[in-house]
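Below, chain A partners chain B and then partners chain C, in two separate complexes.
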Partner chain A sequence: MADTTWRTRASGTRPVRTAAGATVLAAVVLAAVLVPWLAPVDDQAVDLGAKLLPPTWAHPFGTDEVGRDLLLRTAHGLRVSLLAGVVAALAATVVGTTVGGLAGALGGWTDRLVMRGVDLFSSVPHLLFGIVVVALLRPGTGPVIASVALTHWVSTARIVRAELLSLRTRPYVDAAISGGATRLRVAVRHLLPAVLPQAGLAAVLMVPHAIWHESALSFLGLGLPAHAASLGTMVNSARGSLLAGQWWPTLFPGLFIIVPTLAVAALAAAWRERLDPRGRPEPAL
Partner chain B sequence: MTPRPAALPWGPMARMTGRRLLAAVPVLAVVTFGVFALAAASPFDPARAYAGTAGLGARQDVLDQLSDNLGADRPFAARWWDWLLSALTGDLGRSPTLRQPVADVIGERLGWSVLLCGVAFAVAVTAGTALGVLTARRPGRPLDRAVTALAYTLEAAPPFWLGLLAVWFFAVHLGVLPAGGLTDTGSDTVTAGQVASHLVLPAAVLAFTQLPWFVLYVRQGVGDALREDPVRGARARGLSERTVLLGHALRSGLLPVLTLVGSRVPELITGALLVETVFSWPGIASATVEAATKADFPLLAALTVLATAAVLAGNLLSDLLYGLADPRVGFDG
Partner chain C sequence: MLELRDITAGYEPGRPVLRDVSLTVGDGEAVGLLGPSGCGKSTLARVAALLHRPTAGTVLLDGEPAHGWRHRAPRGQRTAVGVVFQQPRQSADPRLTLHDVIAEPLRATGRRAEAPARVAGLAATTGLTDDLLTRRPHQVSDGQLQRACLARALALRPRLLICDEMTAMLDASTTAALVGVLEAYRAETGAAVLAVSHDPVLLNRWCDRVVRWDDITRGTTASDRPHPL
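Now for the complex of A and B:
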């Protein structure tokens, strides 16, 4: 009874969700790339006559406390956040794949040592770890990316290690080893290609997390500098006008942290359903 | 005759707790070592940090003398060892920015954080369970879809942004609740009524950030339980839908969720760091952010250890509950 509705509804919405997720994601990336390129307004330009105007047709998102158009600023901030998120996610994936790969391929003591390290990293809350790293290395683009990468590699390392452990028992790997292939050849020819898709999916899923963390650090004043305003920096600098009743400088940058996350989550859910149609949709983002 | 509840396995549980406490010692030591190593690699100068604003115009030889007194020129491993030994005696050093022993800062602020997180967590568990059961009853219906979509959106929304929008709506626009702090401005005494009214917004926002996880997991757990044999059997016996839902499906569906509650500590700390900052709540998490922005190293080191200990305690609680709920798992971990 409940069974059938659950299934048919889920599979019935999959193409819609895939299309919606892909469209929204493409629009967000295009906006982040094209708007700052097509409208290279001086981000530092000040027009005090037009400060804190509510949203109108001329300024769909309104203007900020020094009269800059918030639609343009949000697009610029989105670009900064996306770039920081992608770079941090790539760095975390490289670290995670290397660490997980070493643990899974070498096994034994290396594996045990690495897994202790992974447990250790999981026992410090991510944002707190990021705060400590950025506080001690001084706020800035490099430390923010480093802190996000340093806290996010753990899940990728776990995925890669688990995948390698299952791969090592496959017949074709056994065949390669008995055929006299060197360890390096087995790793490069047989293990790496099998692991990369998993690591790639993990990297894509990590981008929204990385953006979330970057914006949280920036909001706390520990993130990207004001001249490279990210979405989090914009929300932070909007706090003053918020208390005076102007909601739009806070609302719009925050919305653009949520939208890419939901689009990626919809795509990932559709992807998982395609890989395993009988599996239930993952509740975690 | 009702069956007598079996006695709890106190012995195995105590042994597991003991093993975890022993395992926590090296973890905490390595975490502090990492913080000290980061500080050694950082451009920040402990002598200048200690002197604060007075250090801005200080002569270099005075600063050198101060750094000598603080032992800042010694290798970080030696300073870490000294810190560890004095921490064991309860001396966590002095916070240069708050001009107070670190232990006093923790003592003053920990209670407010526990109050905020406890209330928020209780609200999230209660509301999450209720919404999860309601949505699991009729999957795919409008209520289920609305709640699920809202849960995904809430999970993606940054807590600081939700907090600021709540401040704007309830404190600025409607003017019904205070925007932040613990007491009204100008009032020195802390009364229960004032604390309660100042607690509503931060606790609600923190609860909202924790809610999606509970809703989605309870929905999943109860939804799965509704399709299993015990529920089919209960329906076949003609039991009312209410009894089936609350007595059978909720009981078996909620168990895996409750055992995972302890593992939510990291997310709770993350939420508290942002929510306490937005609402200027005088708790331990906002002190951490302040310590970080001012590079207050002694405070930051102690608070990192405290947070790590809280996460380990949460994991232990989670594993104990899991062992109790499912005897096959046991207490060997």
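Now for the complex of A and C:
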């Protein structure tokens, strides 16, 4: 049947990039799940006799300034980062889709009012606003997720609204109204299915960004409490030893901030090319 | 059936596309509206189908003045009028199969149970095979898709059909087939038709009465002004 022809116009390297992104991401997720499970050692265990050891077979990533195993702590931090990234991106997408959906579907004064609110939101630097949100709450994963979600729904709201404005004037929406459909029916049957792929792509594109924000907030000492393993807090506490020539406490957590975000970005870019084959291929960060 | 009185309508404030247009379609009558491209025929068709709010004037359906437009129009008034648009590609949701496209009005008005039988009947009259019904709009030709759009317009047994350049994109044999389907429906139900087109030959053969755009409008319209492009 002809229903796959338009999908076969893949640009040359897309399958490779998709496979590479998926493999790396799967490996990282597996590591985050399996390492703490296979090595049920307390990642908080301090061993001052083994502090700042360079990578060896016993400690493949070395140890930090109080002798904690960096492989174990990186895996724990990775868990937190991936979880926070995905949940925050999903929450931001739900908020953004709802706001943009209301503005786009209702139009008129609702639209104007909501979009001025969106303008107001985007006029505040979002890291700053995120810092205010976490500062108001206790340190922990929940507030970090809330902070990232509350500052990142704006672009999704804009995308969803713009898409809806264009969809609303299609003759098939006219035909549905003429056929007796209610507003809800038009929204659920015709508008939502057209908007969801865009919103889903926006959510995936937001995951790397959310991971970075989680790390940034933790690095600034505002995210997770200092003792909890988070990639951001680990990079922060490693700053002193980096100046003393100990590179491993910075390198490994830093690497695991970058690698999963690049993998997700590669997947998102491939998805975007599929949605819009004529768009320019570009890194999706 | 349909009476348009002194309709003025447009898309931007202060720039009407059509001004003071009056037109009447009697019960069971087929009226052809002939006008050049860009004169505002389609806008008038959308006003008549309660899909676009005019800035001035009255629309009467069965003597009943229309107050709401689009979703605000009472469902009974909306569904009394069936609409077929010019471009079938734009008028069918790309995510639905042709079967779902045709069944949609029945499902939307709570007559889900009637849908399978009604769709089968409409597919037979409009010449759509079972195989075509399972396809999506991008998998069929313009003519096949327009057949489905006509079937959708007939699904709720409207008493007035508004065909806005229904056959402009189609070849002669499909045009003849679609007009034939409509005529059979009229003969069966006594429905009225407002056919909008720029093709005098088609309208003269199809309609009881053909009106020219210039005869039903007073004042300047979009076609009198220099084109914005």
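Keep this in mind: the second predicted complex is superposed on the first by the 260 of 285 C-alpha atoms of A that agree within 3 Å, B and C clash if a C-alpha of one lies under 4 Å from a C-alpha of the other, contacts with A are read in each partner's own complex, and residues count from 1 in each chain.
The working rule: a residue touches a chain if its C-beta (ideal position, glycine included) is under 8 Å from a C-beta of that chain, and two chains touch if they have at least 3 such contacts.
Please read all numbers here as calculations on a predicted model, not as lab measurements.
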item	value
Chain A residues touched - chain C or chain B, whichever exceeds	B
First, second, both or neither for A:Thr250, with chain B first and chain C second	first
Which of chain B and chain C A:Ser123 touches, first, second, both or neither	first
Which of chain B and chain C A:Val134 touches, first, second, both or neither	first
First, second, both or neither for A:Arg170, with chain B first and chain C second	second
Partner chain(s) touched by A:Arg189 [first = chain B, second = chain C, both, neither]	second
Touching partner for A:Gly108 - first (chain B), second (chain C), both, neither	neither
Which of chain B and chain C A:Gly49 touches, first, second, both or neither	neither
Common ground on chain A, meaning residues reached by chain C in one complex and by chain B in the other	2-3, 6
Residues on chain A engaged by chain B in the complex (per definition of touch)	2-3, 5-6, 8-10, 119-120, 123-128, 131-138, 208, 212, 215-216, 219-222, 232, 235, 238-239, 242-245, 247, 250-251, 254, 257-258, 261-262, 265, 280, 283-285
Contacting residues of chain C [partner chain A, same complex]	46, 49-51, 70-71, 75, 78-79, 81-83, 85, 87, 90-93, 95, 104-105, 108-109, 136, 138-139, 149, 152-153, 155-156
List of chain A residues in touch with chain C within their complex	1-3, 6, 170-172, 174-183, 185-186, 189-190, 193-194
Complex interface listing, chain B residues touching chain A	27, 30-31, 35, 38-39, 41-44, 138-141, 152-153, 155-158, 160-161, 164-165, 167-168, 172-173, 179, 213, 216-217, 219-220, 223-224, 226-227, 265-267, 269-270, 273-274, 277, 288-289, 291-293, 295, 297, 300, 304, 307-308, 311-312, 315
